[in-house]
Amino acid sequence: MATMNTRYPYKYFTVRFPIERPYVAHVEINRADKLNTFIEAFQQYINRNDRMWLEMRHVFDQLSSDSSVRAIVLTGAGNRAFSAGLDVKQASTELFSDKGGSDAARKSFHIRRYIHQFQECLTAIERCEKPVICAMHGFSYGFAIDISAAADIRLCTRDVQFSVKEVDIGMAADIGVLSRLPKVVGNIGWVKEVALSARIFGAEEALQVGFVNTVYDTKQAAVEGSLELASLIAQKSPVAVLGTKELLNYSRDHSIQEGLRYTAVWNSGAIQTGDVRTALMSGLEKRIPKFEKL
Amino acid sequence: MATMNTRYPYKYFTVRFPIERPYVAHVEINRADKLNTFIEAFQQYINRNDRMWLEMRHVFDQLSSDSSVRAIVLTGAGNRAFSAGLDVKQASTELFSDKGGSDAARKSFHIRRYIHQFQECLTAIERCEKPVICAMHGFSYGFAIDISAAADIRLCTRDVQFSVKEVDIGMAADIGVLSRLPKVVGNIGWVKEVALSARIFGAEEALQVGFVNTVYDTKQAAVEGSLELASLIAQKSPVAVLGTKELLNYSRDHSIQEGLRYTAVWNSGAIQTGDVRTALMSGLEKRIPKFEKL
Amino acid sequence: MATMNTRYPYKYFTVRFPIERPYVAHVEINRADKLNTFIEAFQQYINRNDRMWLEMRHVFDQLSSDSSVRAIVLTGAGNRAFSAGLDVKQASTELFSDKGGSDAARKSFHIRRYIHQFQECLTAIERCEKPVICAMHGFSYGFAIDISAAADIRLCTRDVQFSVKEVDIGMAADIGVLSRLPKVVGNIGWVKEVALSARIFGAEEALQVGFVNTVYDTKQAAVEGSLELASLIAQKSPVAVLGTKELLNYSRDHSIQEGLRYTAVWNSGAIQTGDVRTALMSGLEKRIPKFEKL
Amino acid sequence: MATMNTRYPYKYFTVRFPIERPYVAHVEINRADKLNTFIEAFQQYINRNDRMWLEMRHVFDQLSSDSSVRAIVLTGAGNRAFSAGLDVKQASTELFSDKGGSDAARKSFHIRRYIHQFQECLTAIERCEKPVICAMHGFSYGFAIDISAAADIRLCTRDVQFSVKEVDIGMAADIGVLSRLPKVVGNIGWVKEVALSARIFGAEEALQVGFVNTVYDTKQAAVEGSLELASLIAQKSPVAVLGTKELLNYSRDHSIQEGLRYTAVWNSGAIQTGDVRTALMSGLEKRIPKFEKL
Amino acid sequence: MATMNTRYPYKYFTVRFPIERPYVAHVEINRADKLNTFIEAFQQYINRNDRMWLEMRHVFDQLSSDSSVRAIVLTGAGNRAFSAGLDVKQASTELFSDKGGSDAARKSFHIRRYIHQFQECLTAIERCEKPVICAMHGFSYGFAIDISAAADIRLCTRDVQFSVKEVDIGMAADIGVLSRLPKVVGNIGWVKEVALSARIFGAEEALQVGFVNTVYDTKQAAVEGSLELASLIAQKSPVAVLGTKELLNYSRDHSIQEGLRYTAVWNSGAIQTGDVRTALMSGLEKRIPKFEKL
Amino acid sequence: MATMNTRYPYKYFTVRFPIERPYVAHVEINRADKLNTFIEAFQQYINRNDRMWLEMRHVFDQLSSDSSVRAIVLTGAGNRAFSAGLDVKQASTELFSDKGGSDAARKSFHIRRYIHQFQECLTAIERCEKPVICAMHGFSYGFAIDISAAADIRLCTRDVQFSVKEVDIGMAADIGVLSRLPKVVGNIGWVKEVALSARIFGAEEALQVGFVNTVYDTKQAAVEGSLELASLIAQKSPVAVLGTKELLNYSRDHSIQEGLRYTAVWNSGAIQTGDVRTALMSGLEKRIPKFEKL
């Protein structure tokens, strides 16, 4: 494990920044001895002492407004898993304390609040202004799919094992995968099959349906490939890149007409940037453009 | 043909339940001598005597609330066709009687009402709380595509022949395929090509664009594969499975933010189920969980 | 270059109609010596003298209401490019005059108006009542992708080079590609990768993700294939074809329930057409149906 | 009480049709001895023996497709109440049997299904193609507000007592008033006050905020006024009247642009009616137009 | 009548600009001898010779981009009517020629296109970037209501007579009133009553339900009051005023969350204006601010 | 000023809780010497030292999850103003530092982020699970309107002076009033007039258009009236009250059909509360019900 980054001093996440690739940050889930599983969120909601989920939110909120960062890679530490999902052993002994008492309605109010908080931790990845590339290897179960579906681009190793695992623990997934997967992958029949059966699927299938963009032979290659792609993006105008992420996310959720309207207003400000001239001139003069921080 | 199921006593649909696979129901379109074609709905709307469409609606409404059923397989009887669509010969002699008289506006009121009723018969499949797996073989034209697009998962045989046939009878399809296909298959260019040209396409193409999940060599294998998948799903917690279908259907039609909000409210009640503990414990103890009816 | 069509007398677009294939119009971008690049729109917005974009709008508006036209093919003149996008050399010297003065807000008002006008020129293709098939070859950069995404069906040659180029000129694309591409291709990860990196991709990749329907060996074959497909569509009932395009576009942007409702109202008028009987009868009698103009 | 109408043979609702006013039907809630309270729906959902709510649905579904009916008046029998809402005494002894067992999630599935069915009974009034005018007097509590909010026009007597009563029985209203009232009355602060406090309000306040259109001195005058208004509407072209109700309901729930688009498609069929010429000619010749049934 | 304005040389509309009130334009419907009725649009659609509606569109499109104009008043010439709506006499002899032939579907295509064009003429008022204040007097029937509902603010004289007249000519209104009125007036019961009955209502009622903002004793006073209000608005920063109109129109049609998101993007450019400082400083120094053209 | 509440230790807001009225909290804007004006947010965004807006957010977030609180009253300290809006003097000297440099696009990114944060501070009032009643007196300008529009119910004194002031400082309002006012008041013409003219309006006008529910003679009476209403609401079941606020807010922004669907899911959990039985029994036995905390 790397020495703790004093600018990003987190416990469950190692943030490597700056690294040799300019403007690129590398975030790693840092609980390799537990297969990068996540500590049960409800317990954290109650105890507020060991908040792995909240850390994830803070990491991405901080990166979002760090003007030195232009693209982000997200990986899992160790060789065995991007993340095996929920730490089931821990969860099974602690789940669902009596918060809310015996009144089912009062319980449901508390649960709803907690799900919202939990969802917000993942939405931080989607809301992060900078593109997030997620490289997955080994066990990538349950929350791993939820997390990666909130990222912009997914890559994986040949040995990855994916599973939308939640039905196997008696619940419909509720932190995002059921909302995001049908928008990530344009094959609703496949989404339903894997979400209803919780069956494991591998790299080739994931590539074929479009869940991942590229398959690499090793974890090292996948991480390297992610950093390469992040680096390519980080060399572009940040005005252009951040706008492109925002407008694609907006358009995904709106009609084309709404998308066009929002785009026009967005660019009425953004296109005034000097980056357009910088980019055009560099292109004509075959120079590499250099863009101010944003 | 099987002896009529007294619990599901329908004429145009054979419902096999219970079968050896627990919690799985098998519905078969039962008009093999006419290639499982459908009797023209407008005529039924007028005559109200021979209502193949309404039967389909009743079958799926009944299965939806039958607490012994957890997953459903839909197939077509005989070897030649899942369904060849509209019974054209019959339709051509009876279509569009003078209901509504000569006033084009009055006619359009009556036609609109009938299309709504007709659409409702298909929407019963989508609205059915339990997952519906559709296995198609042979001729699968017109209404066959409409029906399968309302199901959750589509499988087929190698010899299947698909066609979005409606433009060939002079009309834009109006019972669902044009609304559903762009959400089933994330390839709008392909959807437009097959819907505008009515050309036949086969199993491989259907698999490649994601219209079907798996291709089987024979009808028998396809039916068996469907029952297998249904059975796998039926072993999961029904709270988890029914919730997953509902939330995926909701998310398909809403923004991610709306999807997350609805999900949180949904699970604030559903996650209180004892199935979570049952599933977690069974997992740790390597037992097969057993869930109460829903 | 063909002699100018007196019915469609445009400068930057050659419209071939009628041609030997009945009801099919062939539109060609006609600036082969400049790789069919587009003259910068902002400049046109100011000068109003050389309006390549407005011509494109007029072409498709006119075709939309020309009752002799039932399907349209769009190609680029010459062997080197469908379109290389923006005429960068010209743009770089003229971009962003002082219209709006130095007040950033006033500038943004003017820019927003111009983007709306520019967007409208492309939306004319989508709004055109007749199906538009776009055949691309050679350089197909930037605006080329925006244009083709507004078409209904995309075909290409084996040698095509695609790039969502806008980030390379320092801006988020704003004339449609970011709104349309996520609806054309159901693989948001891939869309984000190509839009954020501006990397070039080829025919096979485009086919695999569903951006194009078919790949041809030569430009001639692609044009021929497009005309063939257009011709197949043009033989159908125009009531059915125009309705199918409209209903698919509507459904893409609405929930299934909204799609069904709109469809029912649409067909309450459209289904009264005599084309249904014509088509049914022709089918039974194995004749080729002949439909009135619309 | 009137002799039972053989065409509309209901127990809890008296349907007077035909009456002296052509094309007008008069529906009366017929449980005066119990202040026209409604029998608890959940109980009915279980027992299916005494289904006051389902009767209401059937009444309005039948009127919707009865081509002799063009406008409907809804009132409550007796002098004391339009409806005092839920039959609390009965409800308090029977409410919430153990259907669904002790598992809170399973219970919530059953409750959700029942609320949907219950909502559908009220939505029948909104979905009814003919305008429904609701005249209220005396106690008009709880369900009374839900019902009237689903009607098109509300009138009342000077002595009426309104209350959005549900919070007083420990629940958020769930059969429509919270969804409909903010669309009926453009004063969200007032809606919140009366819904959160359950305080009683009278005719003048209802008139001032726009919950009712007119206040009458007596029940007789209110019924007469309703029939008068219904009669005025029933003399118009039914193509115009039914279209106006549909388009106003659609527009209420959609953006202006969506409203305009739907309207154009709707009228593309409806405006072909001969009623336009009939109406124009009658107007010029000062005759009363006579329109065919629809 | 004023001499024709060479900058705004229209036949059916007198445009007075510049007038003594800076930045204010005064548009008058100029067909007083025919009670400012509108020539039937369908006829114009066919003949394209006498296009009163298209003129209205051009007037407001031109004013929208005229940087000297900041607020607009719309009135009707003469003493008898703002507009009596459709020129019925003319319409009754010419309505609904055989365009589209006898096929009801083909007819409906043509009618739909024409309604869209017609709607666009009215939407020009709503889309006009500058606030439009409509002052109505005398007969204000049918189209008069449609037009005024597309304006931003409505004023009237004490003698005005309003009627949503369309049902009286056998049709549901289709150029905007049914889509806009429920958003203008938050009293859906009242909207339904006047739209379904076509009854005449006066100034007091219009004021009470919020259809008009102010009632004046005479036409002269109403016009003067409108110019006064327009003048007050025209003295504000145009960046602020145009943004306020746009954001209110957007918010009316979207959820609050969508409204906030759009607003933030809008103002990220607009708030950079120097007008903020100008306004703040003028306020502190008790000077009247002076703003640049936009 | 009250001694600082140790549970709610804020600088710019006095929170009185508990008070003699059970479950009611009283929040007061506490900057009377500056007319309760707000410190310019942009400056705070930069400096992060004196964060009046963020305090407001924290107050309402904390109250939202404080299970002892069931209803909230919001007022302004002192006799002269609820809030006079922005502290203009301070703002004019500090506004718009060079954060973001000279690049208009980079500036717009920073401004957009800041507006979002600012909006979130107000949305905390709307998002607060408990009803918020806002009592206004004296100067209530600019931000005062934004704040009150995010509350559930508005009351005022006879001497109140309201103004949607933002256009007078050269900008379209962007922290909520333009998004919320058209949903609060169903009179879009009036909303446009006051937002475009920034004219002052008083209590009577506010009452008449529905911006406030009640007018009181003095500030003391208004505060007392607010506490009374809050107290009435606080005596109801919190399950019922919190659900009613949530469902009304949801319904305001969605179609009726969406509202009904969300409501059914919401109540499938909430209606399982014991509060229903408690309330029903208390009603029958004429006792005052007592509900558990939530």
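Worth pointing out:
Letters are used for the chains, namely A, B, C, D, E and F, taken in the order the chains are written, and counting of residues starts over at 1 for each.
Throughout what follows, a residue touches a chain if its C-beta (ideal position, glycine included) is under 8 Å from a C-beta of that chain, and two chains touch if they have at least 3 such contacts.
Keep in mind that what you see is a predicted model, and the values were worked out from it rather than measured.
Considering every other chain in turn, the ones in contact with both chain D and chain F prove to be A, B, C, E. Number of steps on the shortest path from chain C to chain F, with steps defined by chain touch: 1. Against reference pair D-F, the listed pairs C-F, A-B or A-E yield one interface repeat, A-B (criterion: more than half of contact pairs the same by residue number). We define each chain's centre as the mean of its Cα atoms; on that basis chain D and chain E are separated by 34 Å.
Note on chain placement: the centre of chain B and the centre of chain F lie 48 Å apart, centres being C-alpha means.
Shared interface positions of chain C, defined as residues touching 2 or more other chains, are 104, 107-109, 183, 185-187, 210, 239, 252, 254, 257, 265-266, 268-273, 275. Those residues of chain D whose C-beta lies close enough to touch chain F in the complex are 88-89, 91-92, 95-96, 104, 107-109, 111-112, 115-116, 119, 123, 126, 166-174, 176, 178-183, 185-193, 195-199, 209-210, 252-254.
Residues of chain B that touch chain F in their complex: 262, 265-266, 268-269, 272.
If you check the complex, the residues on chain D that touch chain B are 65, 101, 103-106, 108-109, 113, 239, 242, 269-275, 292, 294.
Touching chain D in their complex are the following residues of chain F: 131, 152-154, 183-187, 210-213, 229, 232-233, 236-237, 239-241, 243-248, 251-252, 255-257, 259-260, 263-273, 275-281, 283-284, 289, 291. Across the complex, chain F is touched by residues 104, 107-108, 257 of chain C.
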